[in-house]
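The chains carry the letters A, B, C and D, assigned in the order they are written, with residues numbered from 1 in each.
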């Protein structure tokens, strides 16, 4: 059962206003769906965004040490080029702007059109495309992998790089490095209910799970029968480990991300099993994030992300940030 | 086609979207994220209203494109916006566009869509509809060709059902994308159909229902 | 659909281990379900807890400036006196311990038995009982109101008081003051699914909501039909305002708390409407918390808490804390 | 009643709990949080195992109480633990307890329950079962009185159905708590029934099913 919105057209703007009033460091650019830091520093600007429905992404990652602006589209719909352009203009301090884009056709096309428009205005714009979802086969015949929860690590580490005053090229280099080393996979125990239609995003018979889901309520790349949690977690970790060629002595950051309706208690159990599996492999866990970072409305399920660290990424990951959703 | 006919075409399309947007959402729900109808309707409602002042065909589709650019979002937003921007460029300075000009404009639009989205025929995207329909119009820029283009568009949209998606959101489903018609192909086919209805006396809207698709 | 736990008996301990490894400042007392700060300060000890299933409560509130220990019972079951006693012993630094108890028969009896046992051992123990749920009528014939999400404000403010070095009596005075000024009410759009039985905690026909719910999957004090969100929010705010005699110039802290399965997007919309209603009343919102603070597994719904501030409470509320779930 | 009979009583009760715990959860689900059966079964499984070494009735119920204290939690944990602690105190130094001693022990247990939980008769709690059953035993401390107490306990548990809860979790439901038997009353009635089964030849377990309750 979903909430009944008196005015569905205002769902996103009402939500953004609720966010902004709850987080003194954030502001909404008047007349837009762009959330910006209420005080900008003299540094390279960082802009991300995408459809809504992934909260706390993306507004929750705006703040000192992470993003300068987040652009919110309608529920599960990429924002328009105009909106992205508004964000770019607002955060550019003359040092250029990096766009952090998740690899979805819509996001890529809308952000790219905005980048072209901004470049026409003389703003230096670079982009990084995050494609961390190893559930999707990577092949040159397709559009490649989706960007999912691993994007949050790009926000964090590129954010720390920009915050310490790195140049646009350097921030881009680091962002690309994170994007190349981050790997995710998720599964769903239930669809989400779309607030616009009130309907489930797919039908799932009892006792089955969707494996390899995205973050827009899509079904997964395949369906499996529900297995004990340890088996499901091992399956995800093993796929991520294989795709990222995890080695015994590697050091990683781990994220156990809830899709929206899985109790934190169960995410804690997932974290326990995931770490046990990584222990078995012999990998060292430098940092582990547990909670909801990139959701799919009220979908039940979770994703597991592994970021392969090196000393540069480690120190940037550990830097301070005041973005409300990083913890 | 004069500016009033261009407006009639697009208003007719907007009207049609308000009838079929739930169907498009439903198709998108099966292999995407369920918003294609909502996106298109939201965009055309705003964008059509912005055409009112336009004095030429080129100006009308330019205003429409700018409206789409600021309202649709999603994958279809930049693609349809690019398509109409290219028509606008093709028709610059023209008071009225002939069926030949129309075909050239649609051809430029197709090129824009492919440039933006790099999809080819067979990838289960709107390109599967645009490519054969534009082909049709180019080879026969007459009322007959237009009717044929509309028929071809419809058939091409239905034919996407058996394809595996290789671009757009549906591509993540791999083989599971087979069995449902591509929503952007359906919305494109309806656009061609509305064009034929506007320009050819006696042409009627076909049935677009869940049963057929 | 719930997760399939390979070993339901270990659900709580696995969850706690997952938490502890994700939060370097926390540790589990070996052999217990007690989470403690990994480094304790020389100050009055603060202990809270209750059944599990309310995550991030209570382990998420352990840290500098909030609790020193959280005791976790089984899902929705008060912890035993033994476990509470373990926590009291672990955090007492000779300056005494304050127990923060939510007003449930089980919690009160188990914590009180533990307090008696600790006092027998010579430890100074005080307690504060939180009963913020205005959905329940307050009468001398009943056990009074339940403790719900407002308890988090008691953790925070009593925590700041203890952290600055206040005496046990002073920390208790402040905790009692917060408890007397905090008012909450919630509603559910769906029951939760109990991980032990896999069954819903109640049946709710489509189109109805449970109004005045607790945090253990119980049905509410009454059932209503689903109304547009603005009406539901106004109903909760108005009840809380009436019960707390909110005045035009009052300053408050607000909390919009998700019950577990309501998307953060919708909580943001709730926050927007709640603040609009408080604006209408003329109340000043000093701080607003938005997210999941005290959940009921995967129940869909939310609660609204209002804390009436004064200058003492305001400055303690604004103090720093490092507890992972406070933001 | 010697120590072996005490153990037989409580092991019998544990056995019974393993049969009815889902029923108790179900009752608790309707007006509480659905865990009463799970709580009781978890507690008695551990606590009964701790009685093995006990040499006297007092020691047996003391060990049981300590086991309950460390495993049950919830409202029922401290209440049952307190009840058995009071029996233990009453029977201190006794090698065997007479039916009179048994009645006194149960009476002390009732007092402990009321002290801990401050519930009165009519509040829809386990006190509604304990009070009339203890009354029965006190006025007739014989096998007949025990059988009667078991019968009264059962009836009292069933009678809680029409009461409005004023203590415990069910009280939050107000009038909506009417229509379901109180789970703690049912678990208490079964405890009295198991006592009668242990001590009175030919006494049999009654049906405790969702249909009856």
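In the analysis below, a residue touches a chain if its C-beta (ideal position, glycine included) is under 8 Å from a C-beta of that chain, and two chains touch if they have at least 3 such contacts.
Owing to the predicted nature of the structure, the values given are computational and were not obtained by experimental measurement.
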item	value
Gap in Å, rounded to a whole number, between the CA centres of subunit B and subunit A	32
Distance from the mean Cα position of subunit C to that of subunit B, given in whole angstrom	54
Inter-chain centre distance, subunit B versus subunit D - centres from mean C-alpha coordinates, in Å	74
Multi-chain contact residues (two or more partners), subunit D	none
Residues of subunit C whose C-beta touches two or more other chains	75
Contact graph of the chains (line, ring, star, complete, other)	line
Contacting chain pairs - touch in the sense defined above	A-B, A-C, C-D
Residues of subunit C that touch subunit D when the two form their complex	51, 73-83, 104-106, 109-110, 113, 135-137, 141-143, 146, 194, 196-197, 199, 201-202, 214, 216-219, 221-222
Subunit A-touching residues of subunit C, taken from the complex the two chains share	1-6, 11-12, 14-19, 21-23, 52-53, 55-56, 75, 189-190, 192, 195, 204, 206-207, 209, 226-231, 256, 260-273, 275, 285, 288-290, 292, 295, 297-298, 300, 324, 327
Parts of subunit D lying in touch with subunit C, wherever the complex brings them together	22, 25, 29, 32-35, 38-39, 42, 69-79, 81, 116-117, 166-169, 171-174, 176
